[in-house]
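The two complexes that follow have chain A in common; it is paired with chain B in the first and with chain C in the second.
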Partner chain A sequence: MKILSFILLMMACVTGLSAQHHHEKDSAPGAREINSQHSLYHLDAGWADHRGDSLALSDFRGEPVIAVMFYGNCTQVCPILIQDAWRLYSMLDDSERASVNVLAITFDTENDTPERLRAYAEREQLDIPGWHFMTSRPASVRNLAMMLGVQYSGKSDGHFAHSNLITVLDKQGRVAIRVEGLNQPMDEAAGTIRSIINNGEL
Partner chain B sequence: MIMRFLTNIAPVKAIAFVAFVMAPGLAATAAAQARQVPVPSGSFHSVMPEVKGEPISVDAFYMDATAVTNEMFEAFTAENKQWQPGEVPSVFANSKYLEHWNGVRPDYDKTGANRPVTHVSWFAASAYCQWSGGRLPSLNEWEYSAQLMDFDSPEEAGRFTARLMGWYSSVDTNKSAPVGSTGIETRHGVKDQFGLIMEWVQDFKPPVADGLSLDCGTVGRMQQLGNAYSYAASIRYITRMSYRPVTTTATMGFRCAYDINDKPETATAKQ
Partner chain C sequence: MIFSAFIALFFCLVPGTGGVWAGTLQTDTVTVSVKGSGADARFEPAVIQVQPGDIIKFSVREGLHTVTAYHPNNRRPLRIPENAEPFDSGLLKPGDSWYLEIKSEGVYDYFCLPHERMGHAGRIVSGSAESIPDYETGPIPEAALHKINSETKIFLTNKYQLIPNRK
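Here is the complex of A and B:
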């Protein structure tokens, strides 16, 4: 019975996936990639940052953005992820930093209130100009994660399983480069930010 | 030897009645709403390799009894022009978005007012559910609800799982039927979770271990919970993971879920 079921499964798997390929004619960029021709600034949701300011993503149009998704109660992986964002940011010189925004967006919309995010930013010594620790409605956070290609799901213990990803957006809010994983080299991403800054076009 | 066919086998008489309750805080017009049924809290075993052992617990929630129909989705696009065919930026849906409508308004003779809407991207489905005062069900909520089925006997359960396998191996996109027509219903009155369409869930691509890639070997590594249901579930997980949020296909539709307690906003973000 078990073997029969396994064979059935394999058959269904093969037919299921071939049907999938048939329907996904436009999947050229690959399942996990974001087409960089597209702007994230189509998302019109409202956000609040750790300073208590109301923001829209499109407020950052015209300047490159470093985006990272995390949550405050994450004590093992997320501090590394935030440090990775800092490492990228700190590779830029003062004038470059002045025209870059760093958005650290929480998954944990329930616990990470603007006040909690402020405490987090201060604890990490990252309450600095250009850095925004942000929250919004759960659906808006999920929308943004889908556009960035960040996968996450809440667990019953209040923690989140999530992908570790740092994304650089260009001046129009299109994905310019993605750095997947922790402790990755940031030279290429820093170079991308410089070329975005030096490119005069919007 | 007695096989466990399904995780929850209970006498069919246990379905005494199903109360239909409207969730609070709905923004959409009444005509555009599906009936919502309460799904009580509970737990289930996932087929995902990294959650071996511990059952996943799910809080109580409301879910649409049936999938969102063409007619319901048209009510949404009529009020939200940015979601009409031709208006949606490619960042939110691929070029096949609502292609079966053949225009801004569906030809119901061809598409069927009460057939589930398909050719909708994850973003469109999510936007609809927010408009209707809810959200997409989480993957765990959807899967938990799906296995709350009652069968008279192990034989009946066996026949059902065989049918399920057959359906997943050949979802017929040209033979779409009206919602509520499959006769498949959970003990809480949620209909057609199988046998009609595939459905979007909030986190259709759960974070998985690095080694878990999209191939049939992955399906083989998924947990075999000793029941045929879990094989069908494995196929569902794998198929979902192969989608992108802008994907629209003839087999992919959705239904919405709703929190039991409409919690006030924690963030001070503007709407």
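Here is the complex of A and C:
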């Protein structure tokens, strides 16, 4: 009887432990289907980054890009989404990192001014070469989100409901791979970036 | 003897158990509750003392949180022992439990990614509580540093109040 009780206790432990690396799929709006043949670099809007520089998306043509959409006041998943982008970036070696740009684009065009994005980048210790925290006009952000398949909507409390998506763009600005959800494995996305760097076009 | 062999076999055969529990049947498990969902986000207790080999269970009661080491891998100053593995739980939701094994002596500072700026941080003292290092602060939010330092002060005060005749 004691042995049976012990076995049951162990089974209970296993059930609890299985939560260690398992997380339920979050209830965020899912990413929409997209046409991966369309280049984001056809969007001709102007952008500003956290350094105060004016940019166009096509400025990043010729190098792979990691794109993630977020907002600075988020106290739930966005810091984890940024961490996920960092995890992907960290899987690359120094020479690969030098060939990659990371675009963190805010939904919150009202509050996330270039100055606030700069403070955010500094706080997250991501004011580093190749990383760009970007904002633009609301319509431009919406168009980019549609191209990426990211869904978002503002809430009455000033926060946003949004898809959790990290996208890798090829050298022509087309979607090469998307990683949806939080805490996802990044090996395949890192491999895709290496292929883009080493083989040119996918 | 047969019973011990059964236990060993159990942990060898069941996936997901060996990495955490192998060889740790003699250790303690300490629970830290993770509470709050915004400005009130907190680890309870915020400062704990364990012994090398102990396992800490982080049990999330409410909100979305992480348990993330202050370490350059997580884009923060090093505030865990140099020989220790950095850790990051990833997203934890209410009802989740996440286990951390502390393998060596030293002071481990950690934080919650979504709520660090609100002071959601904690400290694990493994081994002696009398050798808390003067860690680099870097750009860590003031609220997080304040939480760690003030809770450590309370922890040490309470600890030494329990020891009679200590000066």
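Convention: the second predicted complex is superposed on the first by the 168 of 202 C-alpha atoms of A that agree within 3 Å, B and C clash if a C-alpha of one lies under 4 Å from a C-alpha of the other, contacts with A are read in each partner's own complex, and residues count from 1 in each chain.
Following the convention adopted for this analysis, a residue touches a chain if its C-beta (ideal position, glycine included) is under 8 Å from a C-beta of that chain, and two chains touch if they have at least 3 such contacts.
In this text the structure is predicted, and so the values were computed from the model without any measurement.
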Partner chain in contact with A:42 - chain B first, chain C second, else both or neither: first
First, second, both or neither for A:77, with chain B first and chain C second: second
First, second, both or neither for A:147, with chain B first and chain C second: first
Which of chain B and chain C A:135 touches, first, second, both or neither: first
First (chain B), second (chain C), both or neither touched by A:122: second
Contact breadth on chain A, by residue count: chain C or chain B: B
First, second, both or neither for A:90, with chain B first and chain C second: second
Interface residues of chain A shared between complexes with chain B and chain C: 10, 13-14, 16-17, 19-20, 23-24, 26
Chain A to chain C touching residues, read off their complex: 3, 7, 10, 13-14, 16-21, 23-24, 26, 74-80, 83, 86, 90, 122-126, 182-183
Chain A-facing residues of chain C, complex: 3, 6-7, 10, 14, 16-17, 20-21, 38, 64, 66, 68, 73-76, 88, 90-93, 96-99, 113-118, 138-139, 141
Residues of chain A that touch chain B when the two form their complex: 1-2, 5-6, 8-17, 19-20, 23-24, 26-27, 31, 35, 37-40, 42, 45-48, 52, 54, 109-110, 113-114, 135-140, 142-143, 146-147, 151-154, 156, 161-163
Chain B to chain A touching residues, read off their complex: 3, 56-57, 89-92, 94-96, 122-123, 126, 130, 135, 138-140, 165, 168-171, 202-203, 205-208, 214, 216, 219-220, 224, 228, 231-232, 234-235, 238-239, 241-245, 247, 249-251, 265-271
